[in-house]
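Look at the two complexes coming up: subunit A is in both, with subunit B in one and subunit C in the other.
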Partner chain A sequence: MLKIRFHGRGGQGVKTSSRILGRAAFLDGFIAQDSPIYGAERRGAPVVSFTRISSTPITERGFIFDPDIVIVMDETLLNDWLARPLEGIKKGGAVFVNALSEFPPPEGHDDKLFITYDLTGRALEILGKPIISSPAAAAAAKITGLITKSSILEATAEELAELDLKDELVEKNIQLAAEVYDAISTPVINTQESGSITSEVSPLDYEPVSYEEVIHLDIVNLGNSALRRTGNWRIFKPIVDPQKCTGCLVCVVYCPDSCITLDENNKAVIDYDNCKGCMICLRECPLRAIYSVREVRVYA
Partner chain B sequence: MSETRFKTLRDVPLQEYLAPGNPLCAGCGATPVLRMFLKALEGRAVFVNAAGCFTLLHVYPYTPFKSSWMYTAFASAPAGAQGIRDALDILIEKGKIPPEEDIKVVCFTGDGAAYDIGLQSSSGAIERGLDFYYLVYDNEAYSNTGFQKSGATPYAASTATTMPTKLQKEGHAGSKKDLFEIWRSHKPPYVATIAPSHIVDMLRKIERASRYRGPKLFISFTPCPTGWYHDTSESIRISKLAVECGVWPLKEAIYGEVRHTYAPRALKPVEEYLKTQGRYKHLFHPERQEHVIKAIQENVSQYWRRVAKTEKLDITIPSP
Partner chain C sequence: MRDIKVMAGNVAAVEMMRVEMLTGNVAAAWAARLADVDYIPAYPITPQTEIIETLAKWIGEGVMKAKLVQLESEHSMLTAAGTASLTGARVFTATSSQGLFYGFEMLYNISGWRAPLVLVNVSRGVAAPVTLEPDHNDVLAARDSGFLQFHAETCQDVLDLILLAYRVSEDRRVRLPSIVNMDGFYLSFTREPVNLPSQETVKDFLPPYTPTLPFRASRPVVKGASVLGGHIYTYFKHNIHESMRRAVEVFDEAARRYAELTGRLHKPVEGFCLEDAEYVLVMSNSFTTMGKRAVLKLRERGVPAGLVKIVMYRPFPSTQLVELLKNRRAVAVLDQNISLGMGGIIYQEVAGALYHQRNRPEILMSVIGGLGGKYISPEEFEYIFNALQHPEGREPNTPLFLFRKDELESVKKALGLAGLGGEMG
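Moving on, here comes the complex of A and B:
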């Protein structure tokens, strides 16, 4: 059985991606299973979904803790301690990362194959939107070495039609999926089949806690949400042109995330650690003093 | 009108009471309203939050607030507010909190809690004359759970549970409840509608409301990029259009007396507003549903013809 885990951000098409892959495997005669999981969070927050592909009936259910292939649809997730996309991946497994350029495997992951492709950039060019469900599924399909091109394209068309997309957009998705399928080469994946997870449940060591201690576990660090760094959600980055900015406060007032302030020269300053890239500031600026660029980052 | 400290955007307090980094969607239409609310109250408040999108503001161990927050079940935010108000009053009376600290109790709920599930508890709180603020962020559906229809969903909107079908081509067949009127019928000291695009109007209303003791209720228009299918950058634009097209009237009622705080000189056709959102896409594609667009326009025009007459306003109203 091949286990594939998709990591992405809400709105990128993570769930659809695992569905397309599952359907394509089914079309090729395999038994397939897919399921998403998302926590109590929104667009931009980490989302995970799973696909299992097998030639014999699949009895395993639930989360995939030991994937053969991991698809990371947003490179900033590699740094996210809540998402931890590389956790549990088998030795010799493959990691696909949607990134602008290649980078060396992160520490402790030399034994895995890393494959990169700029899916978001191509999606923006072809679809005009940073939604990468079909190309990510195509990348996964090619990496498995099991799924044919015709099946992945057929599965893309069927899944997207179910989402009520316009024919023209479905066509563009198929074009993009085909491009990615052709561009990526199938790596030699030679993972050790672990069979079932054998690790035993080990009880945590703890000192008995008194009732007083428990009820004092309050949040005392008020306003600490800035530590979350929602800046990783961004695909485009707003930039203020200080020559044009007059400090009129429009962007400061309308920013939904309290991320814009004025500096000592009365110019708008954006908190990039937390700006989610909604671009309300750019849209509302009466002087057009804000422009946007594609966010470029390389995981190091 | 009486004196106000809010005349232009320049008068918006720069002190920030909501920290960045909350996990709500990018481009959320509710958080600008929340920010302004906190600024107007200078952060001196205890918040009571019913289940809804704002639940996510406070995901342990993170909080964007610098003051206390209590989370209640869907139906019971105003009941929770009553408990907190009583506790504060008792602490003040015992001398444990100085009265000049002037801590307010503020409920936040979405339209699901305000229009449907918690309607009875807010009715009870208003009837008891509870001294609190109530802010509804009305995104016209149960957005937190996947955009199912609520009592606030307007006619012809497509939601997860009112998708256009062969037999029901227009989407939602019912119409939006008028919560402003439901609340106004209780004759509370203050009820108002606000919109995230009209910041000065909003701040003035919060300021005006603060002069009254008792229930002070606000219903905020809240564009939802995730559920309404529009670009995240469009939230404020759509709010402006909703006001200019007359879909979202900005008004207040003091002890039941209604006054419109902003009336566009000439209402824009509602079509301009409808076209900005994916939830109304089926009215234009694959074929134009003229009678539905006309019905929406007629509904809005009728409202404003009545307002123009009773408040003696000079408004150009489109006739369908």
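Moving on, here comes the complex of A and C:
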């Protein structure tokens, strides 16, 4: 069995990616299973999805702890301590990163093969949107070495049609998937089925009756949500043009994360540590004083 | 059975008590008043409304200091109750049947928040068909919610169990909410003599409620945070389960103190005529009084009959129950509820508790009776004990459904009036 784990952000098409790959495997005669997992649904928040491909019945479900292949759909996730996309990858496995340029394997991961391709750049050019479900699935398909090009393209068409995408957009996605499938070469994946993936079983004990107090499900650490910087959620970065900004406060009111303030010159200033890149400010600014650029922060 | 003899010697130490004719509803209101509750979120539903009316009257007259607020639904009522309890207020509230179900999801939140309020449920059969009379499908639906549950047989029990519930719920070893259940009509609207302990006695019995990390405007705290990933969820559920388990001991401790003060000793399970009893009926709530009468009648005729009443339904007192039921020849569990498609709810739990007991009773019979407040006549109780003595040919996994000939006639007539066959169809 080959296990593929996709890491991305809400809005990138992470779930659809795992589904396109699942369906393609199914079309190629494999037994497949795909599923997503996510918390409170927010654009930009880390999302994970999974595809299992096997020639014998699949007897696992849920989270893939020991993937053979990991698809990182946003390079900024690589240093996200909650997402931890590289965790558990088998020795000899492959990691695909949607990134502008290549980089050496991060520390402790030189036993894995790293492959990069700028999916977002190509998606912006061809689709006009940073949604990369089909090229990410195509990259995964090629890396498995199991999925035929015709199946991945057919699966792309079927999955996107189910999402009610316009024919024209489906066509462009197929074009993009085909490009990525051809551009990437299949690496030699040499992973072994790992035995145990979790620590030893230790059932919860009953405290003696004399136990004094209960454990409350409370959070008392004040302001700890500020520690969760959402700045690395951005795929695009809003930038205020001070020449145009009149300090009307509209963006200040609309920003869902309260990260815009006015400076001493009455110009909007964005707190990039917490701005999650939702682009609501850009849409609401009556003076079109906010524009966006692609976020590029290569994993260090 | 109340252990009056044990206490008789102590009578001098027990204060002279005021005895009043009270309905179960007014007894509940008295308990809230004596417990000096701070906050009462309310929403009317028959047969519970009298509790709130009584409290509202007292507050209006200035004899009680609490704040009573009528919310727009039971869901808001329970939300207000739980959150107020977390500020450190002692909270009392009451509902019934459909009302309980309308606020149901909040039950799990309240226990998860560790808000030790007391909720009185006045049992009423759940629609459809619509009824106002009692059975226990409403309160038993809440059995898995993390609320302690105490079931009253008499109006006196209603008062006593509410006071005990506050003490156990607020205890730092437990910190979980309680439901005190009374049957609609049979207790809620029935008056009988009730001993009212004095305010001083209750003050002595019930220490002030000191919340852990209460909500304060100046000190934010998140209660019941989200914990994606099942392990943290499991850990907290286990912790609630563990606190529940501990509540049996804490209840016994509180009950002993209460008995010292009032002369009335309550137990999680109570036995009646159990010495040498071979045929035992397990039941709960107000119909138990009628069950006891049936047992006494059988005793007169020399039948070794006995009865076990379940008072504390959560935590389920398995150990105490097994102790009372082992070595009996045959046991019947009378469920005034039905898990449709399965049978009696308490029967399953009693069976589970007895499974590992080597000398468990050979016969464990399930009986369904009293649904929607259907009366259980002496003849029906006798029928149960007869069946226990002659179990031959009875399918063990099929509950005995109590019903009478005259009732069947009446049903046929009603069907006729409804235009469905029968006499007028």
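FYI, the second predicted complex is superposed on the first by the 259 of 300 C-alpha atoms of A that agree within 3 Å, B and C clash if a C-alpha of one lies under 4 Å from a C-alpha of the other, contacts with A are read in each partner's own complex, and residues count from 1 in each chain.
Everything below uses one rule, namely that a residue touches a chain if its C-beta (ideal position, glycine included) is under 8 Å from a C-beta of that chain, and two chains touch if they have at least 3 such contacts.
Computed from a predicted model, the values in this text were never measured in an experiment.
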{"item": "Subunit B versus subunit C as contact partner of A:188, first or second or both or neither", "value": "neither"}
{"item": "Touching partner for A:277 - first (subunit B), second (subunit C), both, neither", "value": "first"}
{"item": "Partner chain in contact with A:233 - subunit B first, subunit C second, else both or neither", "value": "first"}
{"item": "Of subunit C and subunit B, partner touching more subunit A residues", "value": "B"}
{"item": "First, second, both or neither for A:222, with subunit B first and subunit C second", "value": "both"}
{"item": "First, second, both or neither for A:248, with subunit B first and subunit C second", "value": "first"}
{"item": "Partner chain in contact with A:45 - subunit B first, subunit C second, else both or neither", "value": "first"}
{"item": "Where subunit A meets both subunit C and subunit B, residue numbers", "value": "40, 219, 222"}
{"item": "Residue numbers on subunit A that touch subunit C, as the complex places them", "value": "39-40, 204, 206-207, 209, 211-220, 222"}
{"item": "List of subunit B residues in touch with subunit A within their complex", "value": "9-10, 12, 14, 16, 18-32, 35-36, 53, 55-57, 59-67, 196, 199, 225-226, 231-237"}
{"item": "Of all residues in subunit A, those that touch subunit B in their complex", "value": "11, 40-45, 219, 221-230, 233, 248-250, 252-259, 261-262, 271, 273-280, 282-284"}
{"item": "Interfacial residue positions of subunit C with respect to subunit A in the complex", "value": "112-114, 172-176, 212-213, 220-228, 234-236, 238-240, 242-243, 245-246, 249"}
